[in-house]
């Protein structure tokens, strides 16, 4: 039946305007992503899939993106499997280039620093790839704690501190583990944060963070230094935002490699 | 070591003010939820856990919530298992009442109406329970399509239509399936929506929805009628919001049983 | 011309289901709200307006809400003027009851505690009223700072602290000033927060907050005590959420009067 | 007093890492912006202000951003006044480059197409400038309506349609009016949208939009064509997202000039 329905998208377009990206955005899907410790982990993602559209076509066939997503979401997603999906998208959409963006929470088991009590911490990740490039972009959001060096220095006791978020984008061709990026960031603030802390852990985190005051500027610089030691990383951007505990706005630092 | 650290939370409080709920909010965790077709499904949730706090205690021990969550998140969550978790929370937090709220996307396989093409649709769900009640609250958000009856009647052709969202809360003691609530809602609008529609499906959905125009008022009333036929539902509220395609605001209807 | 177009909304409805609220939601509009210090202030709000719908009508006439909003948004909004708007809505929508909800940022000039440096702090407010009641609901969100009493007690130095948010709903018939609710909350945490702090102010806030450690439980109880001293307040609810600097989740306390 | 407190930010930093942007983010402030029809309009914005930080300084003095914001927010913000603010920021923060981003709703009076009934429509705008460039970036978000050409062609009657959002960024040195960008976009979809439509207007919008079906691809191309006619625009990007009424995800198109 569908064969006899007219294909409006394939009609000729006379505006002479190619479109760099056209597709579907923010479709939620269960995903299976590669996990260094456990092989893979199940999570839930938001998926964007695009192709380019040559100037002479009126539109693209959006349902095909969902077909491909449905066929592939139970396979493990990694930098080994993404090129296959991108090729599939490119071919079935009859395009010259295809793009995919996956946003998902990734869980890592954290051990409390003294008691060793275990719990899971979520890190929002974004993985971006396109068919005509061997580079991948990985964006990892890592929460951490910052103790203000100025506040600590000028005050007789105490120091204001707060939760901060580092948003790190790394570009690579050869595999960079999410865990390695997180590792660099968690060593770059005043302290790492944990879902579960017993009293002796809370004492440890309080004292350790007080001994390591860091502005958002410091955190960004420390991360830059750490990322430079990972050879596979070809370029990076770093954003650090802190929900200042003494203000109603954020402090912000940005470094581009 | 923690034994020797003072327990500040257990200190006496003299303000004579009990606290109805105290706990942790918006902790992300992987969840295993009961699924009618497949037994269970893995998803990712946001969890709130609270207890009441008698007036004579200064604070509660928040880390225990995370301990319990960590111990139980790999067990299937359902109305059979929630009472155990609530009892555990109540006992380990030494409280008189405990509360839990779980928010998670729940995926159901949808078949396109003509081609039968399959894909997964996400429905945001919220499950709420407390230790001193045998009632559960289930909130399901169901997207659907509304074609405006006024626009259809007054226009020579066409009719404005849009995506709408029904937010349905049902209260019950005996199991009500998420799938049954969704079923009622998806029959109450102009048409159900689907992640994947081939051309013949799109024709079907367009024509069917045009034949079933419905205001948000109609959708809310239709849902109310459908929910009344599910005996296990003891009470409900219905909210229907539509992203009006001709406006920049929403149309809204609310019914309370 | 519109006279000759059929009025679909006025058609009879046979489902015997009244609708408690039907209307428009989240329409953005500039608003003029009453301000204790300056008489009034201009802000931008999100407006919800509803009426009830008797069981025998199919729908309501949503455009009339926008007409009324457009006529009245340049008048100062206060508890003196809202009853007029509600009556207008009720009459022009031919309803038995009408409802209005206004959400808007409200700005107050804050003076830094030592330097006296001035800046504006925004507080999100929600004002709710309905035609058949003389009671108003005012919800004010007040950011503040909490220093953890447990962390302070068990650690040799420092104490984790963070930004917290108190969400206070007060119900009244006789005018309660937004400023008075904010005042109560800002005295209930470890410290008030400020957009602008010079170095000597930062020292003051750090030390003061360190001297006033408070759990979310303490903040909620302190607010409850303060609200009880405002005679015009007939009832209240208090929620306090803190973005724990050592965790990726929130601590939460809830009191209902 | 502050003179005697140590200036931690001015300390030397040995990591040899300059920071491209450091400052404050998401501070809410009332703003006065230039308005073509009325001279200026009061609105409420979210403000980001940054400077670069040379590698040898440890940190920047964030409070000075707020001081400057407080001094200038009652002046009309336009491309004439922004360079003054940027120079002020650069000098008082002792930086080589300064940046500002303002996000605010901008209201325009819309007339319904047949009745002429008036109401205000909000458009989210973002204005970006930096001291070392004479170029400004203006991002305008314009809601509009799209009727699916495929659905219209293959169906015997009706066509699915929905609200869409065009996010247009234009780069210019000489003034481009927000109103002119909006004008281009509102002519590029199936129909403009309106806060207030009487019955005869709704008939008009329904029929007109049905006569002008447009994919997101078409809307993006039409906008590109329109922007090319505005000489002051040096470059642009166009994103069009539509909340597909038959799906739970968005259709998306992106064009870069």
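Per-chain numbering from 1; labels A, B, C and D assigned in written order.
Criterion: a residue touches a chain if its C-beta (ideal position, glycine included) is under 8 Å from a C-beta of that chain, and two chains touch if they have at least 3 such contacts.
This structure is a prediction, so every number in the text was calculated from the model and none was measured.
By number of C-beta pairs in contact, B-D leads when B-D and C-D are compared. Counting the residue numbers that touch the partner chain, chain B and chain C have more than half of them in common.
Each chain gets a centre from the mean of its Cα atoms; for chain B and chain C, those two points are 25 Å apart. Separating the centre of chain B from that of chain D, both taken as means of CA atoms, is a distance of 34 Å. Rounded to a whole number, the gap between the C-alpha centres of chain C and chain D is 27 angstrom. Multi-chain contact residues, meaning those touching two or more other chains, occur in chain C at positions 5, 27-28, 122, 150, 154, 195, 197, 199, 203, 247-249. Residues 121-122, 143, 145, 147-148, 150-151, 154-163, 191, 193-195, 197, 199, 202-203, 205-207, 209-210, 243-249 of chain A touch chain C in their complex.
Against chain B, the residues of chain C that register as touching in their complex are 5-6, 8-9, 13, 15, 17, 19-28, 48, 50, 53, 58-60, 62, 149-150, 153-154, 215-218, 220-222, 224-225, 241, 247-256. Chain C contributes residues 1-2, 5, 7, 27-30, 41-44, 63, 66-67, 69-70, 73, 105, 107, 114-115, 117-120, 122, 195-200, 203 to its touches with chain D in the complex.
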